[in-house]
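Note that the chains take the letters A, B, C, D, E, F, G and H in the order they are written out, and that residue 1 is the start of every chain.
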């Protein structure tokens, strides 16, 4: 183990913290996951509006939940006006 | 051109000449005239920057954290209780590598309440990552503000210009006020490549890993070391422009001296009188004036000392439970020498007690004639 | 090296008097001068002290002044006589703002040279301050310059012009009058000895 | 894809942040940024958002963010604004994003100073009503009778919540508003409006917090709405001293509906609930008198 | 009787056993469990005193100023940013000679934000007049709170009990909880003759003359010196009552060691493992554990060292611009010796980086085999 | 010698203190001590009274006095109270005696904390409306348009005085009162009353200051009366939120009568005076509505 | 010296499991045990780690645990398999809360001994926690004690009684059931080898 | 000048500040002094009430101003209901 494994001169004086958090997939936090019944869904996008992870994707017209990030908080299920979001147990990996 | 200025006004004029962008400060004796002059310059339009009149010293340094992060040249001034109230922010802005310059007008620390000067307030900030330069005259105060910005902005570390409360701050004496154009040459506009840019989504001071933190502190140590050279180069450039030379440590009549007084601040000026007096009495006395305390000029001291030399270090401060602070750091810096000189530590003038030529001569003689204690601090109360 | 102590009253420009002296010495180019306030709390009306050092070369001594060569008393009511002569070097001079004669005043300070200047009268004559709070520091400094050959009237005038914030002409007039008042006395004393 | 809401679509909050499931303070940031837009710089003292913004080298928001010590948000922001203006940038909005502890308690000295100077900054306090980042200790924002780790007795927190909005009013500032994530349209509107006002602006965001309030993560939005519907949290704006209620509540729901869903109020007796209802009623009497 | 306790709970139980009258504190990671346990004890009636839940650390020490002036046994606890925010009050209560005891849970200083342990927060308070005792286990934490009160109340100086954030504060291990009756014998009720009495019109901490201030500081130095003896006597009494001995410095296998690791805090515990390992590999290694930092045990160190000895000082802290703090103070203390030992300073584990037996062994070998720098700090980054 | 006044004769303030001639803050202390009596301990942060209490070894008041750092008065007093109670003394009144800077600005964090905890202490702020001890710099208590050494521009201080009484009201405390030395009987009565109330009490004493307000030393009492008679300073009590005016002013004198006697307002234009009159009128509208 | 790493999920008592182990070892009097949390921010739901060291004599080593002898997986969903075997000493053991068979799980960790305990099922059976947030730390510890001869059931029970705040009897029952579940497996395995 | 002109052990650890300020005679601060015309005085004691120095003595029935302390602030002259207090110039000593 060398005295200093780095050259101080090449170390920046301060850390610049600009990389997006999106590289941190929080899906692993879930113990339950939301399942949308697309037939009953009215595309009102209330689930998009109230998701704290901003992980409901609108682009396709249907509310697509990005399971890479969804923490399974079940807010979408609570706020959906037509109750078409059901929380199901996460299968243990 | 020369003007009669009190030390506090010399500091304020230095801040104006440096074209400082943002000043944020809170009043405290014996610093208030800095604030009052900067306020007058601000209201009369002579000071181009913004003067934020904050609600406390903790907030004063926090405002500097904000303005310096935006890349603006920032300044504050305080003393004793106010400097101590900033302590958390001193650690913070040094870690954030912000080139803030602050004047600390030395005033002893309470309790009990105490108005007069001693160095325990500034020296007890020695572990916060701030550079510290000590002044012995009002001319040095003005010049040190300019020097401090030059060095701070080169190594991206904050710097304290420290001078004696009342003895310099409130005392009037002639000061050469440098020409603005020359100052602009010495101190071009600050371009901080690490400053916050409104169009770049970046966070400042976010939580690192221990390894990243360790490397940040190692880089800081590297830059603090670099600051020694940067200060000396800046001192040469300053002499070319303004005719006055500043160095980390400044010997006086030491060439053939065996016992040398090591003094900082206004007492270092009085010490010349004592040394001249001792010389008249046939003593081979010398004076080493300490200007830089952080970065501590360890190598410069090691080069200066000669075996058999005796150093009488005068500390107008005290680290309870150990020793006078200049003495302690001097011993640590010289420890690794083959034949280190004898170092004796004297505690004088705490709470603003006068440090007279008579007291300095007695310190010199005690050291020269082997009456001083080499290990424990020598408490030297002035007779008056 | 000339060490001076000023006795005055809080809020009446005692420190400014010492500072003006420094301006004058700088202007005269004949040496260096340092003006030092008493390091404490100044209360309006309470007795206050200030100091000055004048020397031909640069001044390195940065201590209090214990044994002044000259004591300047700007308000006798605020300066009990025993305090005035405290530490005064033997053969030192006391410059007193008073309308009493030097002889009367000398009784309080037997072994000091006493010079009297009616600074309050001069100041009020030039509309400087009020009877309860006269602004007499320029008159006192004018007298001082004459008594100790600090500077000629021209340098004194220029310095006062630079350091007095308001009523500049009146202050200059008061200083000149005091200067001449002392110069005549000295000329008269020199002639009769 | 036209979303049937006035809320802008672009997200300045990125997924992957470290908030607990159902974090109200995260929804608050999401809507605030939608109202503020890109030309914004955030100043954040010690709080949950110190962590949620992301450890180095990451950042979970699309605007610059300056971390600062716990007691200094408003002072740091004052300096940042002065620094930007000195560099010629008069446009960028400097916005403090602080918790209730950093606003009601340790940061009050700096907050009061900046408001007193009428600094041109927007101070946002997301109010989750306790010190959450250090493990749910009582703050000046904790409601009376609420459980926290430092008020575990039978009566919960014995002192009332500090009326921080009135404290700000006493500083004669141009704009004060209250918002909560249950009403995102109202929230985005007020942030847009605040952006356009010069001088010191203060917005307080009631932010439900599952671990702190002991409620299920799914109930965050529901509780935020119930707070308003029961009158426990009034939505209003105070512009240069003129008070205006935003929600005209025909009939307020009983506070019990709001309290019963929170574990921190589980120990309440019926009398306690009556007392809290009386407090809410008294507050509304004052609002109506002013509104 | 033994219980499994985390360090923070050991501290809280120590405070309860000391029958502390007034606790005032503000939460900060990694100290919060002290506050939470004291709160639970307060609410369950087990803690007889008053727990003031203040609004900041500056106010926490101010409340202690008030309660201790009234003669009540007072306690607070904090860490890094909170300790630094108290700095003005640390100077103040020491000058007011108040025997307040505080736990500082070591956490590195920002910026940037940093949660994990290093000693720069506590050591940068070295000039405030507070005594400082360092702990290497949860047992030492509990015991040190009792020892700290005993010494503080004897010499009328405040004392800090310092221990590693997370490594000790959050780590559970068996701790012997002393019997209350024995603790009452070791720590009788506080009788402070200088306390404020409601019926005597006296002012506390009023403005003195410089001379009076100088003499107050000289008396403080005298009592700080006395504290060295008082600590050792208290250590003996503690052993008689509780069977565990505490000393200013504690050597381990140094009798025949030529190179000795000088370590403090939790790493001093790990250093035993390193020394045992080096001994197995035939190296004459020893460990000197530093318990007291203020008062600095200078004489004890001078008596301990032998000429030719090599000291490898491990500093998990750094005074930017000079050196590691234990190393600097060690050199200063040993400077006056005829033949001072060689002292090498190593900077390791800043920001909470792990200090492993491997790293300590490498430090020992670098020193023993002459690869270490004698003047400048040796930066030793752990490989993991 | 029967004095025709309800003020007790014994003096707990001794002559010989170092106050400037005509110091309002000294009269304030004199009457406060007459109302409080001997069983009182004072806690004083940095302010003029740090000096007026006397340098060591002297004390100008007849009760114990604990000096403390500038930002800490309310916190130090909280600890002192707890310490005395721990020693078995429940009777002695712990009274903070602080300036406006130590109360409105640097001391606000500690003040708000102690009020939030409803500490059983009496906090007295003698309000001379600037930082006098350090040479008359603007504080949060400086009135709008007033001259100070840090507001020397044509418009004087550009921000309004912080409404500290409303800030205290937002903390739901049992007693708030305003007094001034021009009405010594009212002042002594309120101090006696405050003594008897449990919990956090706040009394603000308007204290004219000759050097700071630039008025003749003889005008101190006159100005104190004029402040009340012109309505610039209202005498009132707020007990558990109930507001009561103490002086029924049939007709308020014009504010000009109060302002014209103060050098710090010499630069005011007529419009300025009109503006200040309007501000006073608006305040009285609110008082009457509440009173 | 036995070095153990626990993988769990924020808010589900992972650190408490390590602490209970320390209580049991102390109660057994057969050595020392230190329980060490992961030094960072714990978020409800997010993966969290905890550690323990057990040795017969006093433990002086105060560092992180890099190469554990045993890894305990309390929630497979919160513990990606590559993280589970990170640093695991070769021949180390993985105790997993799972309803899958040891063989299936061993596929993910080829060179480790895998012991399975259906701790979640046991916990829910005794009414500890909910399906989304089961409180399974006492069951896991019961299994651990049996798997590594840490203490007998009596010591385990007393220790749990002292350290579990609520539902004490249920926690003890769950621990005993897990203890027996593992003891039987070991007895069976010993018999068939 | 001896190393330490005092024995630290004999120096108290803190300064007790209980001596009365009354030993500090502030009379010297005056440049004008109050003179009461006893004939016109109505003994209303308003001067006693408003004196910031508390140096008006009541014991004799007449308002006796203690010139050792009076700072000449002229408040008594200002508040006297019958204007019988006149401020006169302090004779210079």
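Just so it is clear, a residue touches a chain if its C-beta (ideal position, glycine included) is under 8 Å from a C-beta of that chain, and two chains touch if they have at least 3 such contacts.
Predicted model, so just to flag it, every value in this text is computed and none were measured.
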Each chain counted as touching chain B and chain E at once: A, D, F, H
Chain located farthest away, centre of chain B as origin (C-alpha): G
Which of B-C and D-G has more C-beta pairs touching across its chains: B-C
Distance from the mean Cα position of chain E to that of chain A, given in whole angstrom: 45
Approximate Å spacing (C-alpha centroids) for the pair chain F, chain G: 64
Inter-chain centre distance, chain A versus chain B - centres from mean C-alpha coordinates, in Å: 52
Inter-chain centre distance, chain A versus chain C - centres from mean C-alpha coordinates, in Å: 81
Residue numbers of chain E (touch at least two other chains): 53, 55-56, 58, 81, 85, 88, 92, 96, 110-113, 115-116, 200-209, 212, 215-216, 218, 220-221, 352, 354, 379, 381
Interface hub residues of chain G, defined as touching at least two other chains: 41, 43, 45-46
Shared interface positions of chain A, touching two or more other chains: 4, 6, 14-18, 26, 29, 71-72
Contact pairs between chains, per stated definition: A-B, A-D, A-E, A-G, B-C, B-D, B-E, B-F, B-H, C-F, C-H, D-E, D-F, D-G, E-F, E-G, E-H, F-H
List of chain F residues in touch with chain C within their complex: 18-21, 51, 133, 210-211, 217
Residues of chain A that touch chain G when the two form their complex: 26, 28-32, 71-72, 89-90, 92-93
Residue numbers on chain H that touch chain F, as the complex places them: 15-26, 29, 44-45, 48-50, 52-55, 58-59, 61, 66, 68-69, 71-75, 77-79, 87
For the chain G and chain A complex, residues of the former touching the latter: 9, 43, 45-47, 75-78, 80, 98-99, 131-133
For the chain G and chain D complex, residues of the former touching the latter: 10-11, 41, 43-46
